[in-house]
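Quick heads-up: structures coming right below.
Each of the two complexes below includes chain A, the first together with chain B, the second together with chain C.
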Partner chain A sequence: MRLKRRAFLKLSAASVGAMMLAPEAGALKLPNPLARAPRAWYQGDVRTVLTYCENCFWKCGVRASVEGGRVWKVDGYAANPKSRGRLCPRGQGAVAQTYDPDRLKRPLIRLEGSERGEGKYREASWDEALGVVAAGMLAIKEKYGSESMAFFAHGSGDTWFGDYLPAAFATPNVGKPSVSLCTSPRETAAQWTFGRGIGGHEPVDWENTDYIVLIGHHIGEDTHNTQLQDFSMALKRGARLVVVDPRFSVAASKADRWLPIKPGTDTALLLAWLNVLVSEELYDRAYVEAYTTGFDALAAHVAPFTPEWASGITDLDAGVIRVVARELAAHAPRAVLPPGRHTVWYGNDTQRMRALYLVNALLGNYGVEGGFYLAQPPYIGAYPHPAFPLEPSSGGCSGASGDAAATIDTGFRPSVDRGTFFAKTTAVQELIPAMITGEPYRIAGLVAYGVNLFHSIPDVARTRQALKALDLYVAIDVLPMDHVMWADVILPEATYLERYDDLVAIAHKTPFIELRQPAVEPMWDTKPGWWIARELGLRLGLEEYFNWPDIESYLDTRLRSIGSSLEKARQQGTIVQGGRPYLADWEKRHLNPFGTPSGRIELASQTFADAGFDPLPVFEAPEEPPEGSYRLLYGRSPVHTFAKTQNNWVLMEMHGENSVWVNAAEARRLGLDSGDYVWLENQQGVRDGPVAVYATERLRPDCVYVVHGFGHRAPGMKIADGRGVSDTALMSRYRLDPISGGAGMHVTFVKLVPGAPKPRLPRLGKLAERSV
Partner chain B sequence: MQGLVEGFENLADDPGAPYGTTGEALGAACQVVAAAYRAPCDGLLDDLRSGRLAAVTDALAAWAGVSAPEAPHALPDADALRAAHVALFVSRAGGVPAPPYVGMVRDRELMGPTVRRLREELARLGLRPRTDWRELPDHVAAVAEAVDLLLERGRVAAATGLVASYLAPWFDRYAEAVAVNDAGGLYGEITPFLRLVLDEATR
Partner chain C sequence: MARYGMAIDLSACVGCAACAVACKLENEVPPGVSRLWIRLEESGTFPELHMQYRPEQCLQCDEPPCVPVCPTGASHVTSDGVVLVDAETCIACGACIAACPYDARYFDPRGFVSKCTFCEHRLAGGRPPACVETCPTLCRTFGDLDDPDSDVSTAIRGARRVDVLKPEQGTHPKLVYLNAPASFAPRREGALR
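And now, the complex of A and B:
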């Protein structure tokens, strides 16, 4: 008598079985698994896969070590210009995300009758889930027009959901947080000053500079690998460093001078430096004459802005302001004020960034060794397909920042934020009101790819209201982030170690192309972004744009346009091309790098004047905090990326909770000690926390500071949930930059409310073991 | 008892007939695990509606000398069953109470050394996960199916070894958590029940 397998229970049919007989015969005896010592992975047959990292967006080339179908270690790849063989903690800790048990595992559909935000789901097949999404999108297109679908995207897969699919579907309502919540002021300002963007890899010629001035630039805390390496080497070489920051940051701790500026007054300081450079004739006259226009207007404009004038505004000593200007000039052109990255502060940020660029221009450092090099993207052909009905509109770190009137696509309604600011790009936060008000037309559907809607976009209450008003909300992500569990359909993406992506082209001194390739098969029923986009495209009737049979063919075709192939690239990982980094390289070829209307660096912008903006930067005094409140400043942790990595136990063991920095004297006045827990409450009564106090001399008394990314309220993420305070949750308002569309986020004021209980949370080590 | 259930050679068409050997009982228990712990589909619902699954659990209870669970006798609510499966094993506020992977018991992490060892052992036994199995190789349903396959091939010792090393420890570790988080539900009842059955089978 014996039972036959797959017999009495229908489910165990062969089609859904888990196991199959291997062709080879098995051993007759089962060895005792406990009797043998486990072999270390590195003693096995280790395979190395070259790809690039996604634990932040610096895109470092890495080597993944794979054994037994598992990635065990990730290291920097020496031949890659981003990592140069070194990797930050986030990159090295990335493996923990791939093997995070909290990952989304298969498509989920919200249970009928449940509300968005309740988090009640059932599993679905990909076919069913994609069918539901496609049907919803087509219904929206039929009822309101294709423009009524919005896409928010972030991460290296955002090519597919921020550019390719939306352009094929024909919607201009595409937003990337990396634009209007981060870099748009510096990009827009650079475009209209130099005629060139800055780009994702800031083209600062660190290796040749002798004098560096950082303004609110948290290098060493934002840990952009190459930049940190370059910065460290510059200091080692003897470059002098000035840090302008209300906080004694890590960079400030390395500086020759720390200028603890009053928040919101940076433009006044920059105008004063311009004043000194002009009035003392310290600027590079030959460079200004050769490459710029508008100097006379600038000189007249800055004449009143003396260091003494700026001193009363900035709380900085006039003598120090003057000395720094002179030191800058003495080291020019090997003196540089890098633009930083997160530049959305007060809502007048494009003008501040213009002021910063004008100081650089007067130093004669743009396109010159020791200043800014001229980054160029590598050449790589596109996969041939018919022209998209709309061009991608969201921009990006290096996206177009031209004016809105320059190119308006015909035949489709413009994006719902068109006309609310000057730049051509969209602003992700400005796409949200149309979901609620239906003005100028309704946004009825949203696909959120890799964007944490509740931890990146200010005014979270408005975002939640908008999500409730949608006909269709789809989230594509790796983890059950706060906002993901509001979606109608959740599509689980494979992690970067499990997938191909589109090729990434890095504008650089030596431009290069990076390949992302899978080190292991996707776990569970997760899929790569390209696959999800393509399958959706096919279901939406967009076959002509997804006319490639598989990703390998797509990549191979593109790589063959530069004489390479997918096979070669898989072995090579990174393909480096030649560049033209300096003005002299361009002039030899009779080329002009300045893409401004005048073909020169525009110190005064006629375009801005024509659009009703100041042609030269003007200081605007920031709103003062109410009595008893502090300006909320925020920054980065070197071991975390935004709100993406707080469920990674390796990184959380290094930094598991943020604290609120408070000036020590203020803390004493409030009766608070380091380690006390408080609530933070903003000017509109919104409260978040509890968060531990860190009383310190390292901060001015008029502001408080937290590291961004903590304070998740995502019970599906067992490690991240409930640790620390969310700065975004406290940002009930922002101030729109009318030029770039950036959302100024340094305009929140908070009170410290004492008496908050210390959160009773599981110990991180226990959570890492998943033993609670 | 209606319906011809092929495969019960000496038990004719009665899935609830008593088991003569430990191997038979173990095979039936593992078939239940293989059927119920992967994502619930129409087949499981049919097994519940037809009473086949209840007949098996009743027979297992009689064999092990323990109380039979009531839940398999109830008419299933498909949505509730699927939601319970997601909340217990896939994704849930607060984290899933019972990650359905045998490697978690010893390694406290996914795809750790236990999975590698399991793969190697399965390979030696002539088994490997199907390429279209969209779960991890150490999912309890997959391990249970491997045990069942081995029993079908008469490899009782090997099958029992797999249960003792991998499957039973998972039930020991997570049975209570599943019972607490799905009180009165199918999983909440059959998980502690199967723990007792597996204990009996590997004693």
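And now, the complex of A and C:
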């Protein structure tokens, strides 16, 4: 009876809400009265290893607790400016990935006679697998030129597979999803407004700000650790919060004002705020005169864009729009509109981000306490080796943004997207057509490192077609992800707790360097990325660039450039340097932080005008969903990182399946209840699912919302496989931002097709027991 | 001797579950059961909405109904007021599970009853429970309720509202909730000692 009562309680608790994080029902076992308490790991001889986390790309400093040759727990490291002794759920749960029995365990070579995508492999030695890869790369170099090898890379190891090896091999066709599938609009806009990028760690001066406006920025569901701490402390301090979002996000639930904006109309709202700041003379006149150029053009440009004009477009009250502008001004310069991170929405995103920066500039907050601080990278020397034939070109979250017209004569062909965008970084999705068409020249080989090609790049059908057309496709990963099981050769990497990586230099208020070091030996026959890159380099005849005998001497040499050593860094974990966070710090040294052509904040951009783009942001109405369809919006779960963590049993216990959020009134109209399963079908007839409906008041009626990263179709990932829906699978199209090269991904419309079966899946608890 | 207690500021909690994951790994909680879970409450109609996340776990009652029902004495209270289960003497009869008004206890598949221990093993070394240490919103505070200068006493004193779960049960929980959004029905503060 008691067992039944408990099971009943758990079931009723689980029905409270779709986001309810409850223990799994029906997981009870009859207890064995003879069992005794196991000895706990912390009762043993626990060793602590300082490293930094890899379960997202925020790079928090951590302390790994090792006992009996196993990592049991990972905690925040107090002396690290990213974690400050705390960790998000993903960081806490990362250890479960290391002990995931579904990991890639040894190199695999696709069976002769099988097609890419059939998933038929045989095991191979490292020597054989690396030999096949090197021979394939050299054949491509011979036949088409080294530029015909492409590298897609994401994660700490992208220093090896996005920068080091490609630059040594001499290919500029290197892309990171963190640029054109994420931050490129905000980086490009910042570069051409402030003359400085935003970088991987948004330089928002949270600790001094009094008024925060978030636009489509899901802090709380997006658990970037430091940012979440800063956000929470700012609110605790009494900072006011305005959240602009079509969805009542977690951040919106903490806000003083929630503005449920019509999707795709943010630029109109920002133009109206500019209009009020100018027309009511609320802008910081002294700051504008001292640091900016183009104010008169901006003032004339925004004159027609009144709150009343924006109200009709955004579905927001004109009075509220006006009041927020006035409140921003009243709190300026301690008022800030943070840039957000994933800014590839509608294809005109650089202009929207420009509008956001212009509001910040008129508040006089850039380089000023309570606004944006000026992030500085730390100093650290490179390992001495001959100059690479090409400079690394992939960029990253903090990748440089440059002049589209600027070309450097290197003797190599420029990347296949070069000259198209105002970004020095490569637009990863724009490399794919060259694999299919051979224009402007053929990309014949691809190394995919840590990038899920089918869950990050829109138009998956095109990606599959491209993979089929390649001469060589190599995947380096930890898990048998959907796209990995298409590769000719699969190289299994060790997880972050088992390896060294290159040093990471974080641009920050207090710039710092972090060491990645192994807590335990790699499991099975897996290898660290540095080892794989070096072994490949040696087989490719690139010995002169891989002139370090091992990673320890490589790291030690670099660390000695700042008076440290590997031995010291292993004890210290994080090395913090001094910064110059505010304009006053720069002026004292007679330095100008603004790297724009004019050396000032460019409210109007002559460079954009010269290239045929609008010098000032213009609102462009988004395409409307057809009758019966909804705009597909997507976001984050606090416990998941992209499509990387859905096979982690601990994190999946917290959030094991995504659902499709539908406005409650719309759901009633469609005859759908929460928990009903539907298919999602896009404007081109592509379906994915089944997925459970979550009928909610927390969303406008013109859109639906899913958490990104679910819907794996990867039989080797026993936990992830078949759970939930993939938003990327439904993105058969995207809208290219012609300025940044970003792929706008808020342009998918879906219908909810009822009657889908509830997937029959193995019980999560049963699958999890394999790893404990 | 301390009287350990915890406060969770619901105005700060974002329901990210860092606490729940930290608990799971710190305490090797097996798959399928949890010592700590998070409840989401939503109310209102678009666009007038309210919501809160509420992490729940053993409330470490001052008068724990789970202790007197234990036939073997496995369920006990330490001198620091922490309610624990001794796995060696537990016969897994389930009486405590039935007695707990908060559904905070579970059968560990290894053959005993278990629940939140306030990470009692960390306290002697001066470390707070794993959930408190990791929380990225800093919504959890911990310490000695009898010490007016402890983190938890300071947080409770500074809160605009303090709630306990099911005060009518007379259990006097030592885990309290601070600053719940006004839209959710208040629970009486009187039950806090």
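What we mean here is this: the second predicted complex is superposed on the first by the 726 of 772 C-alpha atoms of A that agree within 3 Å, B and C clash if a C-alpha of one lies under 4 Å from a C-alpha of the other, contacts with A are read in each partner's own complex, and residues count from 1 in each chain.
Going forward, a residue touches a chain if its C-beta (ideal position, glycine included) is under 8 Å from a C-beta of that chain, and two chains touch if they have at least 3 such contacts.
Quick caveat, the model's predicted, so the values are computed rather than measured.
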Contacts of A:120 with chain B and chain C, given as first, second, both or neither: first
Residues of chain A touched, compared between chain B and chain C (which is higher): C
Which superposed partner A:718 touches (first chain B, second chain C, both, neither): first
Chain B versus chain C as contact partner of A:638, first or second or both or neither: second
Partner chain in contact with A:70 - chain B first, chain C second, else both or neither: first
Partner chain(s) touched by A:576 [first = chain B, second = chain C, both, neither]: neither
First, second, both or neither for A:105, with chain B first and chain C second: first
Touched partner set for A:93, first chain B, second chain C, both or neither: second
Touching partner for A:318 - first (chain B), second (chain C), both, neither: neither
Chain A positions touched by chain B in one structure and by chain C in the second: 2-3, 5-6, 9-10, 13, 16-17, 19-22, 24, 27-29, 31-34, 36, 38, 41, 768-769
Contacting residues of chain B [partner chain A, same complex]: 5-11, 15, 20-21, 23-24, 27-28, 31-32, 34-36, 38-39, 41, 43-44, 46-47, 52-53, 56, 79, 82-83, 85-86, 90-96, 99, 101, 104, 108-113, 115-119, 121-130, 133-136, 139, 141-142, 145-146, 148-149, 151-152, 154-155, 157-158, 161-162, 165
List of chain A residues in touch with chain B within their complex: 1-13, 16-22, 24-34, 36, 38, 41, 68-70, 99-102, 104-106, 108, 111-112, 119-123, 480, 485, 523-525, 715-718, 721, 768-771
Chain A residues within the chain C interface of the complex: 2-3, 5-6, 9-10, 13, 16-17, 19-24, 27-29, 31-38, 40-43, 72-76, 85-89, 91-93, 95-96, 219-221, 223, 225, 228-229, 232-233, 235-236, 248, 250, 253-254, 258, 260, 638-639, 649-651, 653-655, 663-665, 696-701, 764-765, 768-769, 772
Chain A contact footprint on chain C (complex, rising order): 9, 11-12, 14-18, 20-22, 24-28, 30-34, 37-42, 44-47, 49-53, 86-88, 91-92, 94-95, 97-98, 103, 106-113, 121-122, 130, 133-139, 181
